[in-house]
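Submitted below is the structure of interest, expressed as structure tokens.
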Amino acid sequence: MSAYEHLIDLDDYSDEDLDSIVTLAQDIVKYPRSYSERCGGKIMATLFYEPSTRTQMSFQTAMLKLGGTLIGFDNPSVSSVAKGENLKDTTKIVSGYADILVMRNPFEGSAKAAALTACCPIINAGDGGHLHPTQTLTDMLTLKMEKGRLDHLKIGVCGDLMNGRTVHSLLKALSCYEGNEFVLISTKELRLPDYIKDIITKRGCKYTEAFSIEEAVGDLDMLYMTRIQRERFASEEEYDRQKNVYILDTDKMAKAPKDMIVLHPLPRVDEIASEVDDDPRALYFKQAHYGVYVRMALIISILENRIHPLPLLKGEIIKDKHCHNPKCITSTEPYLPNSFKRSGDALVCDYCDSKL
Amino acid sequence: MSAYEHLIDLDDYSDEDLDSIVTLAQDIVKYPRSYSERCGGKIMATLFYEPSTRTQMSFQTAMLKLGGTLIGFDNPSVSSVAKGENLKDTTKIVSGYADILVMRNPFEGSAKAAALTACCPIINAGDGGHLHPTQTLTDMLTLKMEKGRLDHLKIGVCGDLMNGRTVHSLLKALSCYEGNEFVLISTKELRLPDYIKDIITKRGCKYTEAFSIEEAVGDLDMLYMTRIQRERFASEEEYDRQKNVYILDTDKMAKAPKDMIVLHPLPRVDEIASEVDDDPRALYFKQAHYGVYVRMALIISILENRIHPLPLLKGEIIKDKHCHNPKCITSTEPYLPNSFKRSGDALVCDYCDSKL
Amino acid sequence: MSAYEHLIDLDDYSDEDLDSIVTLAQDIVKYPRSYSERCGGKIMATLFYEPSTRTQMSFQTAMLKLGGTLIGFDNPSVSSVAKGENLKDTTKIVSGYADILVMRNPFEGSAKAAALTACCPIINAGDGGHLHPTQTLTDMLTLKMEKGRLDHLKIGVCGDLMNGRTVHSLLKALSCYEGNEFVLISTKELRLPDYIKDIITKRGCKYTEAFSIEEAVGDLDMLYMTRIQRERFASEEEYDRQKNVYILDTDKMAKAPKDMIVLHPLPRVDEIASEVDDDPRALYFKQAHYGVYVRMALIISILENRIHPLPLLKGEIIKDKHCHNPKCITSTEPYLPNSFKRSGDALVCDYCDSKL
């Protein structure tokens, strides 16, 4: 049991806790000066084991706007990690220097692993393809600020719905609110996985599927664009034939409602044509700026003990079982307790959520 | 039209604006404490797409001495750029985090391109071999502090006068002041280009040419040294034969006036012998320190709207024309408007200033 | 003669000066808030020519906790050094930006070399395998905090005693205190060099040698673990046969006194089993955290002129003699005065302390 209130996984928090973060963020947007000394004397460490300049700068800006200060690294080859130091030692030491530690790491479950032994709260800024909770909080604040609500919205999500962690997390979060309806826009190969669809319907929301932006865009409140990587298509010909269907341009925007907003977790590559940037409904840059405010709210909520997560490890320790996922943090950090949750008959790794 | 007062090119500013920056810098040198909270609560982002530690630290020190704070990167491989994000997206996002953005980028015209869509003022900290305006402001402050004036000076400039952007910029700036006289010291191959010579005479100043430091150094008020790269000589033999002519040592200093000052934009390699460092006339390290103060003055001037540049794009948009300079930012950022100025019959790229 | 009170080598300071740093550090541990503005408005530059994330973050945290601010680099390839700038020019310029400069550099004697011409005080954060004085100060503060004293202690040091600079420095420092006794635990090949043994006995302390942790651990007050690198063993078989003798695990801890503390300069690799971390006597992470406080005390002591080192160069300049150590800073920076101390008949390099 950790003594700190980490943010590892949004699922560890109640809807009330998440609401309170978004509500606090709205207040900070409105009265930023009232918060400019809120974390005076506090130090944030940003340990980025893989580069993500924008996420790192967003956290750093958030802490600076709260009057705090910064240490950290952004380059694994420059860190002690390069000398073979394990995650535990690095985070134990740095969490003794800092008041709050933000970590991005390519291994799934790494933030949870670090939180087990850290001497300060940890924020998960992305653990491989697994979780990226502050992106979802950013999306929620943007909706709240720009549409005025998180419920009774018709939301299109477009791109690689099979693999996109930001889409999965957003759908899970928004299906907690009444009356939301989702339009899932993707190729057949990249459809949303069934377990996410089950969550949506179990929580009382509806979804439909579509295979092009054009057919879906006519009555949306929000269109959430993400990238489809060239490699994801069945073949190069398939890619060439279909790619334009998933590129947002001014022609497709002409078919969308006047008050539909366009979001994107960024970076984009080709999936939104540059010409769309001048459309007042294109809010992806503003969305990035909202990300600073929601991170400010999160930092305050954690440092002031305003939110209360579930325990880090939810399963049981099974000594002779090992997670088989090569991207799981347990594959590189052998001292970690082998903890597994039960899901029906199956065992699910407590770190990376993959089935045994 | 940008809503912000960027510093891209000194030519965009009136002499009064430049004078006001230097005068403010002198005041900061004298009363640094009065300015120590001037930018409290403000954030500077330093985006260095190529390394230039000293320039970056100079800007960072300037902001810290004004009570501001810092975000940024210094390593392109670590930035989102490595994931293929274009200049516009990166600078739009970061300029929403920061209050002022300092950018160095190897492409010519990149700072201007970023300024077109940025959400905060941009300072050009070097765009390839094109412009480096804060170096020239540093040189001007050094002259003002150490010689007491910017006019009626006899100034030697030595090195690669053909390609040296700092020399070009300094000559253009100082030829605006009455009674300045320039001695251009270089090999025949590396002489100052005619268009700079034309600017000097058009503005009413004189110049002479010399082929060695020794013949020129006897009556100078200031000697501005720069590097001649080995590659610039006609041949290896030519280099070996001539290089010492352009190396400043104690023998040559013995021939110089007692009150002549020696400047250098740094880093130096061999062109000033290490023994000269102990000469009280060697002011290149002090010059680097003045650079902090002039950058403090610039940051204040921009954040407090004290200076007023010309519009960023001065030409007309010609849709089907493209700049041919492979180092121009338009070669990598296709969304940029193709803007060209007219110079006689020729078209000149509005970003990199090269002729079509 | 430098105008500043650098920390290059603990031997340059009196026992009173070192005591005063440790005593001040104890006070900071107790009343950290009283010191939170002590260095307001001051800038620390951390120039790390080779990566050492933890040491760099420790210094940065120390400065931030004193209300100061930070500039610096951690990646030589990104610095001007990559363009061929020498140590003198870089440190002269940066020491004009900063109020205090912390340097790590792989060349022996580099911090002393930089201090000769710097415009602010220099702290040596490691110059190759030569010196790392703030690690020793950290060890001393940890002992003082956890054992209540620096004298009358029985101290085991284990690992590569031949090459370990932290062990040498700690033994030299602790042998100044009355009644200390040392147990030197290593393989025969990696025994402590005679000149350190001589210092110990000359200062009135005793030592014994041991070849395993088990035989030594029974009556120690402190066990100081360090790494033995695989390459240091006579052969691969020798390594496999002996390595476990020098790995601390729970079995060996069971033989140790209840109040024995375990320290390690970190990073560790295999020499302390991860299971030991949960033992309350395992204080190496706490030790790392004490490192911040002793660095705070050091920064204050230097910036407020509370400590008074010997002159930097102690020998005589011999123009035609050159140090033969290829890792000595004089091998790459030819402008440095060739200064040598006399030790009996031999000449000792004033930078790297190797015999000519």
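Just so it is clear, A, B and C label the chains in written order, and each chain counts residues from 1 on its own.
What we mean here is this: a residue touches a chain if its C-beta (ideal position, glycine included) is under 8 Å from a C-beta of that chain, and two chains touch if they have at least 3 such contacts.
Keep in mind that what you see is a predicted model, and the values were worked out from it rather than measured.
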Original post:
Which is it for copies subunit B and subunit C: same residues on both faces, with over half shared, or different residues?
Top reply: different
Subject >> Copy-to-copy rotation for subunit A and subunit C - C-alpha atoms, rounded to a multiple of 5° >> reply: 120
Original post:
When the C-alpha atoms of subunit B and subunit C are each averaged to a single point, how far apart are the two points in Å?
Top reply: 42
Original post:
Which residue numbers or ranges of subunit A touch two or more of the other chains?
Top reply: 69, 75
**OP:** Using the touch definition up top, name the residues of subunit C that touch subunit A in the complex.
**Re:** 36, 51-54, 57-58, 60-61, 64-65, 69, 74-75, 266-269, 274-275, 277, 285-286, 288-289, 292
**OP:** Would you tell me which residues of subunit B are touching subunit A in their complex?
**Re:** 41, 43, 45, 69, 71-73, 75, 77-85, 88-90, 92-94, 96-98, 117, 119, 335
